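Here the structure comes first, spelled out in structure tokens, and everything after it is commentary.
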Amino acid sequence: MNKVLRPTQQRKSKMTAPKPDAQRLTEDWWRTRIIDMKPGVIRYFGYPIEELIGRVSFAQMIWLLMRGELPTKAQGELLEAALMSAVDHGPQAPSIAIARMAATCGVGLNGALASAVNVLGDVHGGAGEQAVELYLDIARREEAGSAIDEAVKAGLEAFVAAHGKVIPGFGHRFHPVDPRSEPLLALVERAAAQGEVSGRYARIARAIEAALSSDKSKRIPMNIDGATAVIYAELEFPPPLARGLFCLSRSVGALAHAWEQTQQGGRIKGPIPREFIPSYIGPAQRAVPTSLS
Amino acid sequence: MNKVLRPTQQRKSKMTAPKPDAQRLTEDWWRTRIIDMKPGVIRYFGYPIEELIGRVSFAQMIWLLMRGELPTKAQGELLEAALMSAVDHGPQAPSIAIARMAATCGVGLNGALASAVNVLGDVHGGAGEQAVELYLDIARREEAGSAIDEAVKAGLEAFVAAHGKVIPGFGHRFHPVDPRSEPLLALVERAAAQGEVSGRYARIARAIEAALSSDKSKRIPMNIDGATAVIYAELEFPPPLARGLFCLSRSVGALAHAWEQTQQGGRIKGPIPREFIPSYIGPAQRAVPTSLS
Amino acid sequence: MNKVLRPTQQRKSKMTAPKPDAQRLTEDWWRTRIIDMKPGVIRYFGYPIEELIGRVSFAQMIWLLMRGELPTKAQGELLEAALMSAVDHGPQAPSIAIARMAATCGVGLNGALASAVNVLGDVHGGAGEQAVELYLDIARREEAGSAIDEAVKAGLEAFVAAHGKVIPGFGHRFHPVDPRSEPLLALVERAAAQGEVSGRYARIARAIEAALSSDKSKRIPMNIDGATAVIYAELEFPPPLARGLFCLSRSVGALAHAWEQTQQGGRIKGPIPREFIPSYIGPAQRAVPTSLS
Amino acid sequence: MNKVLRPTQQRKSKMTAPKPDAQRLTEDWWRTRIIDMKPGVIRYFGYPIEELIGRVSFAQMIWLLMRGELPTKAQGELLEAALMSAVDHGPQAPSIAIARMAATCGVGLNGALASAVNVLGDVHGGAGEQAVELYLDIARREEAGSAIDEAVKAGLEAFVAAHGKVIPGFGHRFHPVDPRSEPLLALVERAAAQGEVSGRYARIARAIEAALSSDKSKRIPMNIDGATAVIYAELEFPPPLARGLFCLSRSVGALAHAWEQTQQGGRIKGPIPREFIPSYIGPAQRAVPTSLS
């Protein structure tokens, strides 16, 4: 998928060079395609920083660093939307609660951000990545000749068999309809109508939504992860970067909440008011044996 | 400085409400001005998410979450520039090296990002914050009636007395001239010429640069932290957010390098090639006493 | 395996209680068997802290908190050995290099420790956990009637089929023979001879070692992860705690190195000397297009 | 204070050696007194690992790695007590809440531990370090000729002037009397009676407690941080290691709670039950301007 970054080939030719000395070995240990530095010179994938400043937005720079090329205008706009729409879902999310608690513990904003982003693991931060994988799998089934409904049915069955019944990107425990999904899909479909992206993954995601809703009495609509995954798939980001980019996006909420908490004050903020003591459900008081057997 | 977020006042009126019950207490423990959630509803500082999507860029959304209001067009563009210009300075920086090593240890990109961002502490990530504080101090001296050269001299002396000789935002151990500084300053000065920002902190920073270069035979030019600090000060971000926003920016580099390393492969990548063993400088071999005294 | 902690049952009966009020709900959200707190009272699994102090070692306390009961003397000693033997393997390990670099970045020792421990993921920190799982799988095959050699052969084949050719706990890229393995095994076998533990997992691990060495011209001996996994399996720790306990152990090395680096000084220590610049292997310099297509 | 580790001197002599080559430079970049590794050889401060296994406890190993020498039996026992007594104070502490929440987010126990330990910053984890500094300051005043009461009074005044009214190590927002303090002090005083430690810092801490209680109607008794700080000061650990060792100790509680939560199950556990929504205290709904000014 990600055809831009292919360091393996380049590396090989380097390795056929005459016996490297210690300095060469050390420098090669940290070889990179991303940044070219010399005193007074910084270039990202060949572009001098002084030419990028003032002409490239933050989101376009994110694209450049992940992909090795600059995006088209339309690609950049879709990436903006995916990044700006997932910044925060409030302090009920563990990541955000962690950012706020950390801010009262005497670590800098960097530390609050780190403890928060760290928990965007497979369960809390992985739905976008998994949804992209699901879409790609269904797309492969279509390419192999299945009609879309069959491809969706088979893709969902394969997913459930491998990972269980929670379909990433669909359903929300709080929102009956996620207000972020439809506006994001509309952006993708507009870009597809203009030939800027394929529109294929929007179709697949809508077909999944339809399949999930027909299967059950209760509708299971696409959520923010499902909708941003459509964008990431349309933009041909490899699945792990769907998680990586979500981490960048949610970092914004973590930072905002850490900062708000800093201003509200408080020391060593726990999860619940101090009046409340966690329930103890273990053994009653007992004596320590005088010596261990 | 940050007049937008002032939760204390609002909180007080809430607290004069009739005796809160347990649920109220619990919900108030996590009160926020940032996000208003109801089933099917997400609003950031009052703005419904479905109206923001497609109209607000990632950087503008970052502004909204930090400040509580949307930026002007000019403010948003300066923020874009500050964020996009500091994304990466290569794997010699410990944060980036950490991101790359982490990527080979069997943690997700979230974990690699967290270990990396975490080290953007007072020394590695704090220069921007400290530079904003220095600029604000010099501005206060000017307001109190000092001429700019005197204000700079007094501000630098006070800084050195309190924190030592490393002036944050000036000088670079690698670049004789930082190629990012001048283009960033030019953006600020253009915005100032158009009345969009004051231009005051650009002036102060240039005066610091001049003072540092006159003091010594060797020029000590403004670096990326000094230049982005000019932008953050012009945009009236409180100093700790200069660090917070730098963390968001450098997260992009950390993610890009973690991902590049993932593609290069490797398991448990250490800092130096395996052929090299760290120098041991401790005691020679000795016997463990048969029992501790 | 871990029969001590079984909160599910207890929880159920709680949930049949009459409709809980908001305070109850909040307190139950954080229910625990580990610690019982009241003003002036702290008990761990029922044992008052004032009775534990002076009578229970750090390692025995670790056992109590993980298992809910105090260990026997022999169990405590084996746990001491597993914990003390894995504390450090030098700054070539990414975790330790990270601790040292972090210590120069202006974060506290807590931050250095966090960034370091965080990377003890599936690859860098998971070998012990995976080795325990492998031993348990082979033990189940024995219980189902296989002779040990068959059980080992089948277990290894199943492991390789599922996870690839790197057998966790065996072989070392630096040590031809790991000097920690034999002394640890000897402790287990002595405890087994005294009837304190079964000795079964020592047998299984030795059989794996024999099988791996017969398969290849090159011997693949048990390493520290394989040997501590024998101890953890003998002590009936569930596999994830083999990783958790390794994290506690390696935290010691991370702390020691962070502290040594603090004393050596340095600011923003990167992975290689500043004289060396990472190799750039990307595109040559190119111009930024005047506007994105 | 910490006379064991003094790499600076040793380094100097090294640096007078003839011009180092690239390999030497690279290896020296990671020089250490802690571990000496060669293929088949691991020694900590000169002690071969195979001689340490079975003879040295986990706590004694911790001492060796921090100090460069093995402890006496009495020193080792006091360190055991300091480490085992501070392992956990329940899920109301942000560190422990974070460990539990992280465990439901799809990161390994290493990740849960990292996010938790990370927040043991100046406020949540620094009281022990600050208490050691306070004790050392008072001891220096005694050495300079002050009577203990005067030294305590002057030390407290200096502390309050520099850091504010919260005296680290004294008072507890939950326990009127901390049940851990007296048993820990008793261990120190017994060791002092046997000439194993000076007993001086126990005296100082008791004098602080007396001074704080006489100053106010409400008694402000020594807490766990004040008591373990007595031990760390008696054992001549430098203040930052008081925090570092507390991090090791509290890691045990974080691991135990992360593991208990893993067994209780749950996905993406937030700080409060889902029935409760954080209080929103920001602006009412408003329209996004059609374009930014």
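Going by the order they are written in, the chains are A, B, C and D; count residues from 1 in each one.
Basically, a contact is a pair of C-beta atoms (placed from the backbone, for glycine too) under 8 Å apart; a residue touches a chain by one contact, two chains touch by 3 or more.
The structure presented is a predicted model; accordingly, all values stated were derived computationally and were not measured.
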item: Chains touching both subunit A and subunit C; value: B, D
item: Far-end chain from subunit A, centres as C-alpha averages; value: D
item: Interchain centroid distance [CA atoms averaged], subunit B/subunit D, Å; value: 28
item: For subunit A paired with subunit D, centre-to-centre distance based on mean C-alpha positions, whole Å; value: 35
item: Centroid distance [mean C-alpha coordinates] between subunit B and subunit A, Å; value: 22
item: Multi-chain contact residues (two or more partners), subunit A; value: 7, 11, 22-23, 26, 29-35, 37, 48, 52, 56, 60, 90-92, 97, 107-108, 110-111, 114-115, 118-122, 125-126, 174, 271-272, 276-278
item: Partner subunit A, residues of subunit D touching it in the complex; value: 21-23, 26, 90-95, 97-98, 101-102, 104-107, 111, 114-116, 118-126, 173-174, 267-272, 274, 277-278
item: Of all residues in subunit C, those that touch subunit D in their complex; value: 2, 5-8, 11, 22, 25-26, 29-35, 37, 39-42, 44, 48-50, 52-54, 56-62, 65-66, 79-81, 83-85, 87-92, 97, 100, 108-111, 113-115, 117-122, 125-126, 174-177, 179-180, 182-184, 186-187, 240-241, 243-245, 247-249, 251-253, 255-260, 262-265, 272-273, 275-276
item: Residue ranges of subunit A in contact with subunit C within the complex; value: 7, 10-11, 14, 23, 26-38, 43, 45-48, 51-52, 55-56, 60, 68, 70-73, 76, 107-108, 110-111, 114-115, 118, 271-272, 276-293
